[in-house]
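See below for the structure under consideration.
Order of writing sets the labels: A, B and C. Residues in every chain begin at 1.
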Amino acid sequence: MPLTRVSLRQGKSAAYRTAILDGVYRGMRETLEVLEEDRLMVISAHEEDTFRHSATYLIIKRSDALVVIQLTVSNTRTVEKKQALFRKIVENLAADPGLRPEDIFINLVEVLPENWSFGNGIAQYVAA
Amino acid sequence: MPLTRVSLRQGKSAAYRTAILDGVYRGMRETLEVLEEDRLMVISAHEEDTFRHSATYLIIKRSDALVVIQLTVSNTRTVEKKQALFRKIVENLAADPGLRPEDIFINLVEVLPENWSFGNGIAQYVAA
Amino acid sequence: MPLTRVSLRQGKSAAYRTAILDGVYRGMRETLEVLEEDRLMVISAHEEDTFRHSATYLIIKRSDALVVIQLTVSNTRTVEKKQALFRKIVENLAADPGLRPEDIFINLVEVLPENWSFGNGIAQYVAA
């Protein structure tokens, strides 16, 4: 059950934001075996002085279209799965809404499966 | 020292939001041995296109009143404590402000006790 | 590659917010061997009813100027490094914008180095 937090600059259309969320969701479905309908995503749009980033990091040149994607996920994936996830998200967002690959920052926060309650006050991943 | 982040849709009253924070706080106090006055809670209220969720997940039917509760806590609790926390938060929020249990999503992010500084630049959980 | 989230009350100037981000960034550079240009920081400013904290915790007296700093970092630092980070951030923010040390709350969320993609869909910390 990934919980997705996206941060970006203000001034983009609803269609643009929707394309980002859809692309991240499809990337998770395609690489992490996330179930259909397992979707929970929040966006925060920021003015310039509340969203600060360096223009360059390592060899990566960033623009103001930088998108920061932080996914909280269970700690059950291999390194290879994570690498596939990163590649697929970037592929999807480069296609729509047309982001530069340099402008896509992704971070995974991993938690134990027992740390989720999807509803009803039950820890669904703990055996009954 | 839990740090609580709540995300929900815009359009609710301050009293409604206060009831949610109070219910989560009491749930932590009742099940995790959180100290009185150990309270730090932030809410983000979102428009529809920045708060996206599936209408159903597993057998859970969600409404637009869905509340996402992410708690950062020390990694010192048993599975049973976590299960008790989930149950109690849902019980409290069902009572006030009257949330449907299906609309309460909870996630715990666990960190080492040494990862907190509550003030004054000191890591209070590290022995002096 | 720390990802920094800062939460505080509304009503402060852009210069005040900038001083906070600059002080946290310098603190990370000075104590965690964070590279120059390794900067990614987001602020959320909250109205009173969406930013709730106790007035006191342990012996710490908090004011409405409380600043909550949550840093997602790789799990590669010793306890001593973390303690140095906390001290340095507080020293920097006490100097500019002049925060009370009691009003600076810091939390670290640690992740595996493989959990970052800084751009281009690559997990830069994973050996090629």
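In this text, contacts are C-beta pairs under 8 Å (C-beta built on N, C-alpha and C of every residue); 3 or more make two chains touch, one makes a residue touch a chain.
The model shown is predicted, which means the values in this text are computed figures rather than measured ones.
Student: Interface check for copies chain A and chain C. Shared numbers divided by all numbers used: above half gives same, below half gives different; which is it?
Tutor: Counting shared over all numbers used gives less than one half: different.
Student: Given that chain B is a copy of chain C, what angle of rotation, in degrees and a multiple of 5, matches their CA positions?
Tutor: Roughly 120 degrees of rotation.
Student: Where the centres are mean C-alpha positions, what is the separation of chain A from chain C, in Å?
Tutor: 21
Student: Residues touching two or more other chains, restricted to chain B: which are they?
Tutor: 44, 109
Student: Using the touch definition from the top, list the residues of chain A that touch chain B in their complex.
Tutor: 1, 3, 14, 17-18, 21, 35, 37-45, 72, 109, 111-112, 114-124, 126
Student: What residues on chain A touch chain C, complex-wise?
Tutor: The contact residues of chain A facing chain C are 7, 44, 46, 49-58, 60, 62, 68, 70, 79, 82-83, 86-91, 101-110.
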